[in-house]
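Got some structures for you, see below.
Look at the two complexes coming up: chain A is in both, with chain B in one and chain C in the other.
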Partner chain A sequence: MANEMSSEIAIPYDSADQQRSAATFGMWVFLATEVLFFGGLFVGYVVYRYEYPEAFRTGSAELNLWSGGAMTLLLLLGSMLVAVVDHLIAPSADNRSSLRGPVVRRLVATTVLGIAFLALEFHEYHQLIQDGRFPGHAFRLSDVSSDPLDGRSVEMFFTLFFCMTGLHAFHMCLGILLVGGMAVAIGRSEQPRSLANPMSVIGLYWHFVDIIWVFLYPLFYLVR
Partner chain B sequence: MNYLNESTTLRSWFLTTDHKRIAILYLLSLTFFFFVGGMAAVLFRLELITPEGDLLSADSYNKLFSLHGIVMVWFFLIPSIPTVLGNFLIPLMIGARDLAFPRLNLLSWYIFMAGGLFTLTMIVAGGVDTGWTFYTPYSSTYANTFVILAATGIFISGFSSIATGLNFIVSIHVLRAPGLTWFRLPIFVWTIYATSLIMVLATPVLAVTLALVAVERILGVGIFDPSIGGDPLLFQHLFWFYSHPAVYIMILPGMGVISEVVPCFSRKRLYGYGFVAMATLAIASLGFLVWGHHMFVSGQSMYAGLLFSLLSMLVAVPSAVKVFNWTATLYKGTIFLKTPMLYALGFIGLFTFGGLTGICLATLAFDVHVHDTYFIIAHFHYIMVGGMLMAYLGGLHFWWPKITGRIYSEWWGRVSALVVFGGFNMTFFPQFILGILGNPRRYHTYPDEFQVFHVMSSLGATILGIGYLLPCCYLLWSLKFGRRASNDPWHATGLEWRTTSPPPKHNFLSQPTVSGPPYAYESPHPELVIGEGEPEPH
Partner chain C sequence: MRSHQLSIYLTFLALTLLLAATIGLSFVDIRPWNLWLGLAIATAKMLLIAWVFMNLAHSIGPVRVAAAAGLLWLSFAIVCTLADYTTRGWGETPEHWLRQTEHVESYDRVEPPQPEFQIPTASGRALDDSDLGSL
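And now, the complex of A and B:
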């Protein structure tokens, strides 16, 4: 038993507890970094929304409210499933014989929900690009306003939209890989509970990415 | 067996997860980047010997000072003490076998090198002429140089900073030895902790800002371009939100080194330990609230200017607390003027001078007068070079016996400390005068009456350059011919001196414990000799 334990504890650590608290704490510090990373973009949003309130209304009205709403629901549902998995797999939970099945099913469902989210988002991107709303040379200024400078401020809305949701989508891709990878790892593992640590760390990340969307959705879709 | 000779293959170095070996990898890469940045300085100091532009064109001059700034800030000063001395010492000082995430630590070096590769590619491709600050809309719309490559290099190396900071924060929280409470930590650990907080919280803002500049250049949209609806001041706010705290990333670890060196060579307890520790955190937090002092003439609100001016002066308070505490530590101490101590004393003087001129610059009216002149250059070189670089060299000399197990030539060490101190002052003091007289920065020509100061400065830079080459020689020499170091050649306190020099792979043969406060120096025996090394066996 002692041998088995020591093989699981990596080199700088003395105990499994210490290792777990380092992993969890490390993820929190990383998330603090992420908050500031998105924070720069949120500051940009605040500045330009204050400067061009009308343009943001015009831009927002062109987004698909229902698709955005559905995406929000998918993510919240996924977060709930991850929270349940975290609860099931925790070392303090009841010792169930068939842990693997329920955990893997929920993780696979979360992955599918995440992919559905991305599909809806890319569909929205596709529509916007076809309508000439992708910022830069392809942007059709004359569509949104007769005054070019007003058109530019609508373009600013879409620049922020693509930057912020795009960065979020990048994080979603990583999250899907991590949660999907976790489903595979737990599915293959003899002792799923030994993966409780990485699972709770990945769970924190997944919730964080969801929370970012919870702010993005109203800021872009609901300001019409 | 120690960490250096337990395995000697290239693979064992490039795939190592040992924090001590990673520190060595960083030491070598940073030395390389330091000389790249230094060469640029050599070239433009040569140009500035004469008032006319005879050696360099205006364009190449712009590219050289940009290169100097970018390489020195992001590829030398920011990583310097944290990644070399911090990586090596933090686990030893807290009595741990390694940092909390050893593989992440190695990854951070590879990320750093990838960022460095982009920067070198940028240099070879033709450079960038925006200055290290990348001000928009010049950088985003008008510059015809390799801005995206430069920004990518800095963007990537930022993640190495974040990884390093995260690793230190978690290690210091989780891996302290039994009995090593927060207020028994050496001040060096406190300063690396505060630095790491800044790295983790400020670096991502720089990353996203540079990414936006790249987006603007690629798509041709106007995020920061006022002619198509953007706001160039937003760039400055975001940039300085990182780059002012980054100044404290550069100086705080230096203060940590000084707080270790001064008590050891005064044989006295550090005066006012708690105040020094708390002043460290105060500097780190106040540092986040003063970025607007870079923008006094940018057209930001006058009230914002007043507030930023006041807050900038407040940073001087904890900084002065530290200077007074180091001085009080010297008072009635038994002072040994060894190489690290000479560097440390140089630091205290130059940092104080740089800090006081910083208060001048925080004064609104004065700043408007000297804005964008050589006064600014002189001020921040007193902090960055006079402060940080002196501390880096002092720290390297102090822990050299621990890192390599060898004693370097004390005589040459003292010579280098004095040459660096003299050369530095000769280079940068005349620039204060140039600034007051109104010589603007970033021009390759200047009126004839300024020549005497520019010649002094270039001459000083030559002496400074020699001062930097000296340690390269005698430190390398010591690797082969230096006397062997005992475990604790300086008779210093701290856990790092309780293990062998150099330390074994996992730092300690048994878990060390701590039972008292740090810096437990006592009045020394009158015949105490330190830093001599072991007698040769034959």
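And now, the complex of A and C:
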């Protein structure tokens, strides 16, 4: 086992542990920049919600709370499966039986859950666009009498909704490609454990995308 | 290592219960606490995911610093922005800052600036526009 791992050590690392720590650290630094990437939009959300709280209640009432809840559950389930895979494939794991099957099954299930999430999201986008809730010339809302900006502040809610959930959906697409690609790579690999580091890094990305949604859900769907 | 797998399943259970709590909270009108409780639950979910799923519990110090750095800077951005928006119109300039000042008329006159140095010419007079032709 030790020889198998040492053959995977890349320059300039002294040990497999050091290489794994470097990969994990690099990914966390990238995730910190991602927090700030989404951060600008979160700051915009805070400002507009502070200025127009009533518009956010009106806009949120147009969204399907249960659909958003189901989407959250799909992501949490996917995150759990990825965490188990990361645990099974880790070099320190004492599982000596064949792990290719269990790992690939869980990764494929995660990919399917991610696709189901996007399907629900795009269905909701479709409904909102049909109902005239997409910002722009076609935007319409029946009751704007109480709106300080004559309907535009509710439109701002939907601008933020489409921007933030759209950016999240883009990250989901990348995550699905990465997790699906990992399932294929592990399925073809003679030594699945040699892919422990890429799997760990991709897992961190998937969990991060999950965390972003954990905040988007109450901020958009549950405004009261 | 089996215990770690068990902790992953238990964390998922806790996350599901927190999700149910978030949804349940939206049916109770306790404004403005709906927002703060909703954010508190979301933060609890984030900590569970980061600590157990993202294995922050067994990570080295620099990894934890990197994890905290993003949140720290985001909190700076939100707090500084709110510090501006929430304090707008908090009151006009205090009266005692608005003392009447004496009006000095001579301050109104603006004297044209005098050149400190003039280029000497052969005739001894200062250089002017008429000299441009001879250059």
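Rule of thumb we're sticking to: the second predicted complex is superposed on the first by the 203 of 224 C-alpha atoms of A that agree within 3 Å, B and C clash if a C-alpha of one lies under 4 Å from a C-alpha of the other, contacts with A are read in each partner's own complex, and residues count from 1 in each chain.
What we mean here is this: a residue touches a chain if its C-beta (ideal position, glycine included) is under 8 Å from a C-beta of that chain, and two chains touch if they have at least 3 such contacts.
All values reported here derive from a predicted model rather than from experimental measurement.
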Which of chain B and chain C A:F220 touches, first, second, both or neither: neither
Under the stated touch criterion, which partner chain does A:Y52 make contact with: chain B (first), chain C (second), both, or neither? first
State whether A:V82 touches chain B only (first), chain C only (second), both chains, or neither. second
Could you let me know whether more residues of chain A are touched by chain B or by chain C? C
With both complexes superposed on chain A, which partner does A:V29 reach: first (chain B), second (chain C), both or neither? both
Tell me which partner A:E155 touches in the superposition: chain B (first), chain C (second), both or neither. first
Once chain A of both complexes is superposed, is A:L204 in touch with chain B (first), chain C (second), both, or neither? second
Does chain B (first) or chain C (second) touch A:G69, or do both, or does neither? second
Applying the document's definition of touch, where does A:L41 land relative to chain B and chain C: first, second, both, or neither? first
State which residues of chain A lie in both footprints, the one left by chain B and the one left by chain C. 21, 25, 29, 32-34, 36, 39-40, 43, 47, 51
What part of chain A is in contact with chain B in the complex they form? 10-14, 18, 21-22, 25-26, 29-30, 32-34, 36-41, 43-44, 47-48, 51-52, 135-137, 139, 149, 152-153, 155-156, 159, 163
Complex contact set, residues of chain A against chain C: 21, 24-25, 28-29, 31-36, 39-40, 42-43, 46-47, 50-51, 65, 69, 72-73, 76-77, 79-80, 82-84, 86-87, 92-95, 203-204, 207-208, 210-211, 214-215, 217-219, 221-224
Interfacial residue positions of chain C with respect to chain A in the complex: 1, 4-5, 8-9, 11-12, 15-16, 19, 22-23, 25-26, 29, 31, 34-35, 38-39, 41-42, 45-46, 49-50, 52-55, 59-60, 62-63, 66-67, 69-71, 73-74, 77-78, 81-82, 85-86
Along chain B, where are the residues that touch chain A in the complex? 17, 91, 96-102, 162, 166-167, 169-171, 173-175, 200-205, 207-209, 212, 215, 218-223, 228-231, 234, 237-238, 241, 506, 511
